[in-house]
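Scroll down for the structure; my scribbles are underneath it.
All chains are identified by letter, namely A, B, C and D, in their written order; residue positions are counted from 1 within each chain.
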Amino acid sequence: MSKLCRFDILENRQVAKDTYSIVLFGDCSSVTRPGQFVNIALEGHYLRRPLSVCRASTESMTLVYKVVGSGTYQLSQRKPGTGLDILTGLGNGFDITESGENPLLIGGGAGAAPLFWLAEKLIEAGIMPRAAIGFNSADEVFLAAELAQLGVPVTVSTLDGSMGARGLVTDTVGRIGLKYDYVFACGPEPMLRAVYGLSEVDGQYSFEERMACGFGACMGCSCETKYGPKRLCKEGPVLRRGEIKW
Amino acid sequence: MSKLCRFDILENRQVAKDTYSIVLFGDCSSVTRPGQFVNIALEGHYLRRPLSVCRASTESMTLVYKVVGSGTYQLSQRKPGTGLDILTGLGNGFDITESGENPLLIGGGAGAAPLFWLAEKLIEAGIMPRAAIGFNSADEVFLAAELAQLGVPVTVSTLDGSMGARGLVTDTVGRIGLKYDYVFACGPEPMLRAVYGLSEVDGQYSFEERMACGFGACMGCSCETKYGPKRLCKEGPVLRRGEIKW
Amino acid sequence: MVRNTQVSLCGIKLKNPVMPASGVYGFGGEYRDFYDPNILGAVVLKGTTARPRFGNPTPRVAECTSGMLNSVGLQNPGIDAVISQELPRLREFYHGPVIANISGFSVEEYASCCGKIDGLVDIIEVNISCPNVERGGMGFGTDPELAAEVTRAAKGATAKTPVFVKLSPNVADITEIGIACQEAGADGLTLINTLLGMRIDIRTKTPVLANKIGGFSGSAIFPVALRMVYEVSRVVHIPVIGVGGISKAEDVIEMMMAGATAVQVGSENLRDPMACYRIIEKLPNLMEKLNIENLVDIINIAE
Amino acid sequence: MVRNTQVSLCGIKLKNPVMPASGVYGFGGEYRDFYDPNILGAVVLKGTTARPRFGNPTPRVAECTSGMLNSVGLQNPGIDAVISQELPRLREFYHGPVIANISGFSVEEYASCCGKIDGLVDIIEVNISCPNVERGGMGFGTDPELAAEVTRAAKGATAKTPVFVKLSPNVADITEIGIACQEAGADGLTLINTLLGMRIDIRTKTPVLANKIGGFSGSAIFPVALRMVYEVSRVVHIPVIGVGGISKAEDVIEMMMAGATAVQVGSENLRDPMACYRIIEKLPNLMEKLNIENLVDIINIAE
């Protein structure tokens, strides 16, 4: 169930190069699963900006976003104490009940944000995941310490080798021969494709697409799947391996 | 000479029904004459809003405006301490050197705002004007006390008779047989026409017109005069009686 | 004083003139999280074609100043599924007037869809902004003769439901098209559909939309829509539904003064899912401020 | 690295591609309070006609969401006064390229004005958005044959100065008009002029403009202008000047990627008299960010 709510900014700080973490106070009752996202109205911008939930409780949530254009730039300049108009509880999110015993969480760049809450939920359900996250360079890395704090074994890759393994996160996973029986992946599409090609292991993949409404009304974000068209904002952003048409 | 400047709001308070007085701090060096105006940028509004200068010193000015639409409403909600992007020093303004010995200042509604500074300047030049100002009703009256404080004899008219004389300001001036040898008029066009018809006395009339630029670039505000077209934002808003085509 | 917001379109009474535009309201269910659709003057369904369509490749939306582009390309499950599944589903929770929006790539397709849905909805809105596949892609909506042909076909295939024709704004003279549709038997007109627009991503140096060019909608286009509604209303005698850039109650009043009997709110719903609710709630208050007793009194009033 | 913003139009070198659009810059003097016009790529003069014109009755501007309407109606002192007074005045303080903008209500008027100003300016921009009085008001800019006729007349009357034709966007297919002008000898094209729009004052229940309908411009129309520049650039081989809704350096880049060799900034100057200055100042910085060395390299790059 989606909901239109006012949130107050509690904190908005830089956590890595061009990357910010924003903590919002308000009604989070519609945010029920990791992998769901919210859609934020920003002054002077016609469309809302979709951002995944990195972490949520009933009355506060954390988003992690990268400044790429004028919307995210404006967001990065917003001060604690000011308010935001947000559409929450969007998308299906990850279903942890389908996970195997040894899931791998794999993520790239700012898109990796949902993995934190996902790890928490898995651990709550008695499953300790592994995580492999990739970035361009050391100064962009975030989430590694937080995941480690949860007890999750984390492998960091950077394209330029300035931290962790050098190369793409999928290269690293392949090279070190990480064993896993299920995968939860989120990040840019080329990364998702690489994960998909890495092994036949089942899993859930979270997609990004340009969106207008974010709640299923405009068909802007549709994706062809093996079981017909799906709206990534509604029947996604998470698709099962078995339905992806690659 | 027009100038684009940042101003800080020092004060913004209601002075009559729907009527506000705003005091602005900033570079007023281009505002040299009563009857000149400024053009204010407001968020979410494509065009600036023209408002006459009610009073100015070198580093602060006062505007008086009536809330009639979304722009003036937004302005009325702006808090002291915040800033405004303003184009100043616009228009020709009144020329007091042309005044007679016994000028009459006549104004209607929010448009009467420039009369205050005009009165001050005339008094500085050794000329004590009379003033006749008109409003719809008592709750809309402003400027009367301020003018009186300068020592200017003020006649107030209200349409509904709730304060001063009942009727249009021009009716009152005619009825009580006010004597004057020059007129400075500002207000809605019907009032200006009535003043024009009241006597053959020479004078200066300040006009309003929908404007885009306010600095002479677009020809949006042109007015046909006996001496050819004039831009009310540049060669106006003040026209001499002798050039008006009525 | 009670403010009367009722209007009527070809005898169909709407409790207020506000409805969502086709394509931003799916088949009626997507806004139930936000408000009860029964407050609407009518519900307008997503554009429907003879066969199911996925539409165009993504990205198929893009942002603009005060507006957006879309190149969704009529994604829909096809007329048969709309009739057998979507309509019954809608009727479960919505009891007001329903307007179907029909598109086609040939005159025959239009006629067939209209015939199938005749009698099952309150108004059929025929969207003639599609390219005509038979005549090499020339738009049905940009040639008065083609527009008339589609109108005649739709009217010929229907007996019970009034047919409105939804016009494209991408023409030099929209009155010509409006008159042609009226003469061909249209019961009403809806205008406007989207303008054609484009955006390029300067970082990637490529068009934002996979389809390159898309339909431009949102508050930005309001003055164009208003002008067209005004022009057409003055030369036809059938009712006009005004659409394009409406985002607030004031816009509804302005569009009706220009000649619209009812209005549709499109893209604004996508950025504010409460848009129609907000507008409908504000109307009586605004009517009071403007001293309007019956909304019907202001239709076409601006001279 | 030094960023090269130079472009050239028919051999005329512009130090940067940014110039004000016709009608928002008077005859060049109005912005001197704000910045030195010599920073501009070129100066474009207010639309000029055979005889002096006051233009339309006021109100003749209106506000819109992210844009404005104007129905100024070509107020200007006439071609003779422009040549004898305005041009010499401009040359006193401005030493760069000058583009004259010529309008007319008959083919003969266009030819006569173009002939008079031939050789006195760097480019003649022929504005064909005016109604054609000879053929009952049909716009010169909405019929390919009329557009070609005006182009031929302008070319026939000139020997020294390149002729650009400025197209109206109020057509179904702008490529048709662009090609017609090119075939008739145009040296370049400028697009777009204003869209037709309207606003009604809901308090007074009357159109805001005395003329009722006016030209719609400003950021709101950018996606339409960009689309048309893209469409036309792909089918002509003469240079295109892009205009419509440009308000920032990013828009300049986007418009050039769509196919424009230079751009004009219109209404944005009216709300921000420093607009051209701000845009020109920002360009090198933005080029650096986008890794563009020479601006000419991005012309028509978006596929």
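Keep in mind that, in the parts below, contacts are C-beta pairs under 8 Å (C-beta built on N, C-alpha and C of every residue); 3 or more make two chains touch, one makes a residue touch a chain.
All values derive from a computational prediction rather than experimental measurement.
Asker: In the touch network of chains, how many steps separate subunit A from subunit D on the shortest route?
Answerer: Each step joins two touching chains, and the minimum needed here is 2.
Asker: Which one of the chains is farthest from subunit C, going by Cα centres?
Answerer: The chain farthest from subunit C, judged by C-alpha centres, is B.
Asker: If you average the Cα atoms of subunit B and of subunit D to get two centres, how far apart are those centres in Å?
Answerer: That pair's centroid distance is 36 Å.
Asker: Taking the mean of the CA coordinates per chain, how far is subunit C from subunit D in Å?
Answerer: 33
Asker: In angstrom, rounded to a whole number, how far apart do the mean CA points of subunit B and subunit C lie?
Answerer: Comparing mean C-alpha positions, subunit C is 46 Å from subunit B.
Asker: So which bits of subunit A are touching at least two other chains?
Answerer: none
Asker: Among all residues of subunit C, which ones touch two or more of the remaining chains?
Answerer: Each of 64-67, 219 in subunit C touches at least two other chains.
Asker: Hey, which residues of subunit D end up touching subunit B in the complex?
Answerer: The contact residues of subunit D facing subunit B are 23-26, 30-31, 33-34, 46, 54-55, 58-68, 70, 72, 75, 208, 218-219, 267, 269-274.
Asker: Could you please specify the touching residues of subunit A with respect to subunit C in the complex?
Answerer: For subunit A paired with subunit C, touching residues are 1-4, 41, 45-48, 87, 209-213, 215-224, 229.
Asker: Within the complex, which stretch of subunit C touches subunit D?
Answerer: Going through subunit C, the ones touching subunit D are 64-67, 69, 139, 142, 170-173, 195-200, 202-203, 205-207, 212-213, 216, 219-224, 226-227, 230-231, 245, 247, 250, 253-254, 257-258, 290, 298, 301-303.
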